[in-house]
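For reference, the structure is listed below as structure tokens.
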């Protein structure tokens, strides 16, 4: 369950999967693939708290570290996801030092923060020393996804307790006046994310980014070390479309599997 | 909602998707791909009645015809799935004329059968003339998946009301003493399924089979016209494994999509 | 919780509500209206076991007796609904003495029947003497809904443990070659249901029937004493259609209520 | 899905239904009635996020536009409901310009607002151009329900991006020192809501109000053009009470329907 | 449903159960034990809104008063839990007068507060006079769980509408630099909680505390009158561990019960 | 996951827990206690298929082997629970050789039985060799709970594939004309269960029984080796009642735990 932190501490790159489908059975499929982490997205994905907890339970079947993107920078939901077993929290739209401090405050027990104590599932899942060790094990990962945040990047990165940052390319693009996608064909986009990666690394904070499998190598070359390379719903959609096309048009590889 | 029957009536081949994941959101992804049908598997898949109904609701968002594989040849569950909106029922392990007759009896209103009347959702979904037209619209699809059934194939195909049959390659293989998979490298397997396809077609019954995208062309060449080419869980698993491999090893195609 | 049996024992007529919507919150609305019973329909309605149990729990908030229509004459599901707190079971399509005996067998503990013991919720809900008294308190209510059953009515009514019978007008009509509805304009329909009511009453068995509010008086005049007069989904649909019409066309009664 | 906006843009009056029951099956009944919109109430109604999304899915079966009342003016939940497919958001207790601006900010992508991008379901449901068109299609509807808000009405209406306002008669009445109901027999209530309707219309903002079928005509005459005329739970309760009364006392209209 | 307030008004001590497991069936077990109150914990427990409402429904089967601990001091969720039937709200981390006032504001209708009106379930459950009486019946219970709050205790207790306070020993201990548990062996802990109890009592506010059965007498002696003595998950865990040990090692008391 | 079979193969006694509460969170508590097996009771307990699968998933977090009691001797539900990951099936009311053979037929793949192939979850959970090894690993456990069965015990035990039998004391008592409980004070009861244990052991079939912690030693002395010693709901109820009593009357042991 500390696999992700271990990978990052070794200076390696972690590859993760994004969970948009609110279902412990899609999660079970993901858990057995071999990702370094899986993130339950409760901001733009379809899981709510109850689904998320069931998904976190199932993630325990794997070595992948379970993390959660919360819908908003709010201490109630951050605490609940940590109590439910998440070992990392991605917090959207952190645009200022105050917001970064609030994120850390919600993720850490006193004296480092103000997290309320009651790790009902987390202690069962992560061991009897959870309360004593959680502040060192839980990853606090603010999102950097507006130019407002980029302009304050140094200060945000200097907030004690920020373990990694996570770039949201769609919102960052909107903030740059671009379409909400990966705009690698636009210099401003490329310069901005490379600037973020370099600045974070220099500050001793892990640079992370939302990507896809095709962009993984490029992002790694750009310095990112926490890279989301798959999304359950997108993988399902693209594979099924491919399979239907192959079935209608021919050209597939024969396969003896039955399910 | 009658799309599948229309495709079959035109003598064309229908390609479908298998739903093993019990979730209306994976179903919604499937519904928008373009399959001719999608089958909620309540035998070996993970959906129960409540999930299945939610999935049938969501299938209405698409042209794909919703069908259900019931867990067993039992009139209670067949009636419930039809009342819930399924336009076809796949019935496992039909090994005798009596079992085929029982399947038809459960799928048809009197006088053709003994289905009890009360199509609460089905009438809402399939129109005010549902009660009067259901016997002509609902597909009754027994599975042929043991040598016991193959030996009685002519009689089973002659049961009035059998619209199609559906070959289960894993159970059929077990019945042949083979491993539970597609044994296209074994002549007995190939001869048996080709025999089933030809016999069904000759009897005016649509030959169907559980397959995968890579086998779709071969199965179509063998005479099958109702071919399941994808399974949600399998598609998800194989795509994610590919994406993780590409991400770690490089070689993917860059892609601007963000989710 | 024994209200329904008390009403029937006093020779009065019980009016009930049918629950087709799988939801404890619609049930809570129903529970507070004042019906003598409410029946969770797990045959043609949308509730499955888990919903049904939640609905039975909520029915305890009212004096209305909770009963369940099971999907089929099968001892497993009958036992589960009784263990879950149902005080009566309506069993569809009882067409023979053997089927009536099977229904009773599933509803009664030994020596009167073969119900397996384990009334986890039922004992909590219906008191510490539940095990000792259940055989006298639980209502076993086979449906009479085919001419096959009508022809064997005397024998079916003579099966010990049949407390009431319940006419299904749609299936009975299909069996008569009529459309699946209340065919009060057809003499065969009227004669048949009046024959059933009279025969049951003569045999000391309560005659029950599925009806609606407009037909309640007529059915009571015909001798029925267990009359379902409302269905949640139908009431909702008809009221909303009325309200939308009135809102668009005018003519409603002003009302200060806010929800 | 843009039906409501189209009705309003044509200067017509929209009639809607309120969804207090947390259930996709009551929603399916509503979806087939013919309302111009249906609103999932997650403030005082019983739906939470997961139920709401399932209800939004089912609303796609109809022409009625799905909207959501969020529990509070909080960007996380507004974004989630929009991502889930809601085409309008009703925000309670908007009492100041700052609160109205916050509501708009949460409903609009940059540069008009600060909504985070990730319309997973919304893009599937509302078309590939959803991201580019959402700011013009999504309705932002603050509630005016205190005298504090009424005193600032002009300023609130002047906030760019406020498409309609929605009067909550119960809270407004409490704010006036009246009982929490429609107080049409009190001049202050009537004057206040007529003032709101007139002021909104003059500002080019659609005046909306929570009402009931009996009050629909009066509210339309008072200038409202977005009028909620039914609530699922209230309709169910009143119809069932009527039906039980008619069944016990006689006087109903005979009806051949069976469910 | 007003049992808790009655007990407290009589100057007696109330003993309650904590509900961490998100399930109406564990709640039903609790409801039949005889506690004065049961609290659905939606902060550190596993219930979310939908579970909580189902649990509140089931609590109506008992005399125990249903209360809820909300995840955070946020008016949206407080209102929703009250509308769902909670008769008391425990609000975590109230550290200032402003926070205490916000808690009261969310719990009371105008003019005492700003709770929005729409008690859909609460009015059904707690009677037709609910709207008129709720301000006098609903208990507003801020948590005192940091030294920051203890330093402002007099002012917080003086906020009109604070009915009781509730000490969280784990967070209070963290704030004291102690381990997150009951530190009765540490004088600072003991002095602090005794100071809170005495100060609250002197201010006419009921002192409450999270405890366990073994500490109940001590806490009562210390002046607390609202004492949580059991938690469902902890009781289950400790009893099962005892039973397994006894089964393996011998020494249990023979018992004829079968479930 | 093969822990139970290993314990039994070593000739040791297995102690298990009964899961009547339909909830993966109570299951998670159970999973971490240390039982040899846990049985999801879908006959008299409250779990249905969907809950059961979630509970089986969570059982994978422990060494305890997950088994399921099915509601009835029906191949559809037996196959579904095995596909879902159960490593043993307890089948109620097996009263004849034919019924025992049917139970085995449903639990074993060909050629030993007729289980249909499609172990979607089971293969993921129990390893890639699941299909090849399942017949040797899955435990088929008929219940002996009537005198009818006792009279045919030798023949039932001789059915190939019966791994263990499981005595239901309540139903067996009813069959003996006794109250439905453990009747250790009645010689007929004691003689009967001792006869069953001895006969099974002699036939090389593991004797199992439903018991409780207090009776565990006695049952082990009587020769039983598969002994259910706890039930989640009963443990919860008895512990909470104890805790409330201690809290009100005093006498508990002080305890620093906070939840």
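Per-chain residue numbering starts at 1, and chain names A, B, C, D, E and F are given in the order in which the chains are listed.
Operating definition for what follows: a contact is a pair of C-beta atoms (placed from the backbone, for glycine too) under 8 Å apart; a residue touches a chain by one contact, two chains touch by 3 or more.
Computed from a predicted model, the values in this text were never measured in an experiment.
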Spelling it out: a chain qualifies if it touches chain C and also touches chain D; which chains qualify? B, E
Taking each chain's centre as the mean of its C-alpha atoms, give the chain farthest from chain B. E
Have a look at C-D, D-E or E-F and name the one that copies the A-D interface, over half of its contact pairs being the same. D-E
What angle, rounded to the nearest 5°, describes the rotation that places the Cα atoms of chain B on chain E? 180
Comparing D-E with C-E, the busier interface by C-beta pairs is D-E
Using Cα averages as centroids, what's the distance between chain A and chain F in whole Å? 41
CA centre of chain A versus CA centre of chain C: separation in Å? 52
In angstrom, rounded to a whole number, how far apart do the mean CA points of chain B and chain F lie? 35
For chain F, which residues are shared contacts with two or more other chains? 20, 22, 25, 29, 32, 44, 46, 48, 50, 74, 77, 117-118, 120-121, 170, 180, 233, 258-259
Name the touching chain pairs, please: which are they? A-B, A-D, A-E, A-F, B-C, B-D, B-F, C-D, C-E, C-F, D-E, E-F
Which part of chain B faces chain F closely enough to touch in the complex? 20, 22, 41, 43-46, 48, 50-51, 70-72, 74, 77, 92-93, 145, 168, 170-171, 174-175, 177, 179-180, 233
Which part of chain B faces chain D closely enough to touch in the complex? 24-25, 28-29, 32, 54, 57-58, 60-61, 117-118, 120-121, 124, 258-259
Can you check the complex and tell me which residues of chain C touch chain D? 15, 17-18, 20-23, 25-26, 29-30, 32-35, 44, 46, 169-170, 180-185, 210, 212-218, 227, 229-244, 246-248, 250-259
Which bits of chain B are touching chain C when the two form their complex? 48-50, 53, 74-77, 79-80, 83-84, 109-111, 114, 116-121, 131
